[in-house]
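In order of appearance the chains are A, B and C, and numbering begins at 1 in each one.
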Amino acid sequence: MNTGILIPLLDYASVLVFALTGALVASRSQLDLVGFIFFATLTGIGGGTLRDLLLGGPVLWLARPGLILMAAAAAVLVFFTAHLLESRYRALLWLDACALAVAVPAGVGVAIDAGVSPVIVVAMGIITATFGGLMRDVVANEVPLVLKQGELYLTAAFGGALAAVLLSHAAMPRSVALIACGVVTFILRAGSLTWGWRLPVYRSRPPRV
Amino acid sequence: MNTGILIPLLDYASVLVFALTGALVASRSQLDLVGFIFFATLTGIGGGTLRDLLLGGPVLWLARPGLILMAAAAAVLVFFTAHLLESRYRALLWLDACALAVAVPAGVGVAIDAGVSPVIVVAMGIITATFGGLMRDVVANEVPLVLKQGELYLTAAFGGALAAVLLSHAAMPRSVALIACGVVTFILRAGSLTWGWRLPVYRSRPPRV
Amino acid sequence: MNTGILIPLLDYASVLVFALTGALVASRSQLDLVGFIFFATLTGIGGGTLRDLLLGGPVLWLARPGLILMAAAAAVLVFFTAHLLESRYRALLWLDACALAVAVPAGVGVAIDAGVSPVIVVAMGIITATFGGLMRDVVANEVPLVLKQGELYLTAAFGGALAAVLLSHAAMPRSVALIACGVVTFILRAGSLTWGWRLPVYRSRPPRV
């Protein structure tokens, strides 16, 4: 698979799935249709926009305005169908996990193409994957997912980005590294949601026995 | 009227009026004079700054530092006169409506000049008009106006931006399109504040009869 | 002392000390190690990143990825030692004061080198010094320090930046102006923390006698 196609594909998928999560948050705040579109777009393009601003490149949706229309379409879809979901919060968590798993390779791929150092590649993967959801949660007054104690969220993004950097340095093809990146991210996040995988959290004092 | 003059004028008016709203929010948080200036400046230039960063142009207040001094002057004015207002929150809502009505055409005008596609023009109008107020509300721990259920806020900005794009495509002069943009935005927002114009909001279940 | 060395030094010191404050906030939210690294990095590089984006220059940590590793190392240090502190909040306030006192000259120095007008120089000093902490507090749901009524926080940054601009105009060497900037900032902030120096805050009505 040509990386020249893979990265735009990852951007589209990431915008789409994050847009769905933004619209779900809008539904939890009981907004109107334009509010749904605002949150879907903010969440969908937030992370990639920050990545592109930091790397000094053109912002993804200026080059492809179709991304905005796609996010808006996702918002309309959720506006008319969210009541069919049994638990919107559960759907939100799982969609966010999928979005994470495509956004980390989207960030990593663009950063590798920009020729930056491995530390920056990892940082761009994490930024692309987390800042859209972070803006969504801060604006909507929800507790940001990055604050969930011990859950593998940032860690999932970090693990995926690290896998991509290691595979790239092992001279694997770009597309293999990016797909592995998404798989590692998803497995870590899904394992945390399903089986409660956790990292030890900071405690100021040892818990009583 | 020359568009070359109109767009800087809109930027000045938008910074001034948004700065007044920022200072009013500072007064609600009982800050000192420097805190007033901080919030006035953040609110005044926030939206335009994001617009210019996204479009890759020079940021408005780097080219015209007078904008910062004007926002600071607005903050000083509010610091010494806000106690004369009967309701600061009401003044805040109406000033914010005026700011919205000048900031949408300010964003739309710059975007049209940058030669971007209609979808991006609309997005830039909304971003320029809403992100200053959004930063103000997020930093000050106020409920963002974009979260007000059903009120025409984002919708007012969207309507105004859409009007400008349609009139531009109908080959109307730039200045007519921008003035119509501001008028449509203000009428929608003022109608929502005065007569309670609303959009239907999302409800997970139909209300009981 | 060569300014060519001084400004990167100030950037390193500012990232390091702000990173420590970010990690302390992560400890107050009981996050895991990756959460500590996220907050340390966000806080450490947030202000300088915004400064560089606004000035159109390359972002500081793209040029020097070591800044990210240093912030991560600070996070690891705090993760394993924060329980030794008697009061994490007190440590946070004083570290933040130190960070302020190095970040204001870091912002002012870069802005003077960019040849912008004095108003912008002052603004860049304040932005560099306050936005890292602001992002930290907004994301972690803490009350931003800029909202502390009457405390000299923004005022300390403003005073330091003003001192640097005045000394620069009085043809003092750049390094003297920047060191004086840091000293003025720290004295104002430390005076406010230690002796309760305050500015009068806005009150909608005069207090009863």
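To be clear about the criterion, contacts are C-beta pairs under 8 Å (C-beta built on N, C-alpha and C of every residue); 3 or more make two chains touch, one makes a residue touch a chain.
Keep in mind that this is a model prediction, so the values were computed, not measured.
Peer 1: Quick one: how many steps at least from chain A to chain C, stepping chain to touching chain?
Peer 2: Tracing touching chains, the least step count from chain A to chain C comes to 1.
Peer 1: For the copies chain B and chain C, give the interface type as same if over half of its residue numbers appear on both sides, and as different if under half do.
Peer 2: Comparing the two copies, chain B and chain C contact each other through largely different residue numbers, since under half are shared.
Peer 1: Per the centroid of Cα atoms for each chain, what is the distance between chain B and chain C, given in Å?
Peer 2: Each chain reduced to its C-alpha mean, chain B and chain C end up 29 Å apart.
Peer 1: Which chain A residues reach two or more other chains?
Peer 2: Residue numbers touching two or more other chains: 53, 138.
Peer 1: Report the residues of chain B in contact with chain A in the complex, numbered from low to high.
Peer 2: Residues in contact with chain A: 53-56, 116-117, 119-120, 123, 126, 134, 138, 143-144, 146-147, 149-150, 154-155, 158, 198-205.
Peer 1: Which bits of chain B are touching chain C when the two form their complex?
Peer 2: Going by the criterion above, the answer is residues 26-27, 29-38, 41, 49, 53, 58-59, 61-62, 65, 68-69, 79, 82-83, 88, 138-141.
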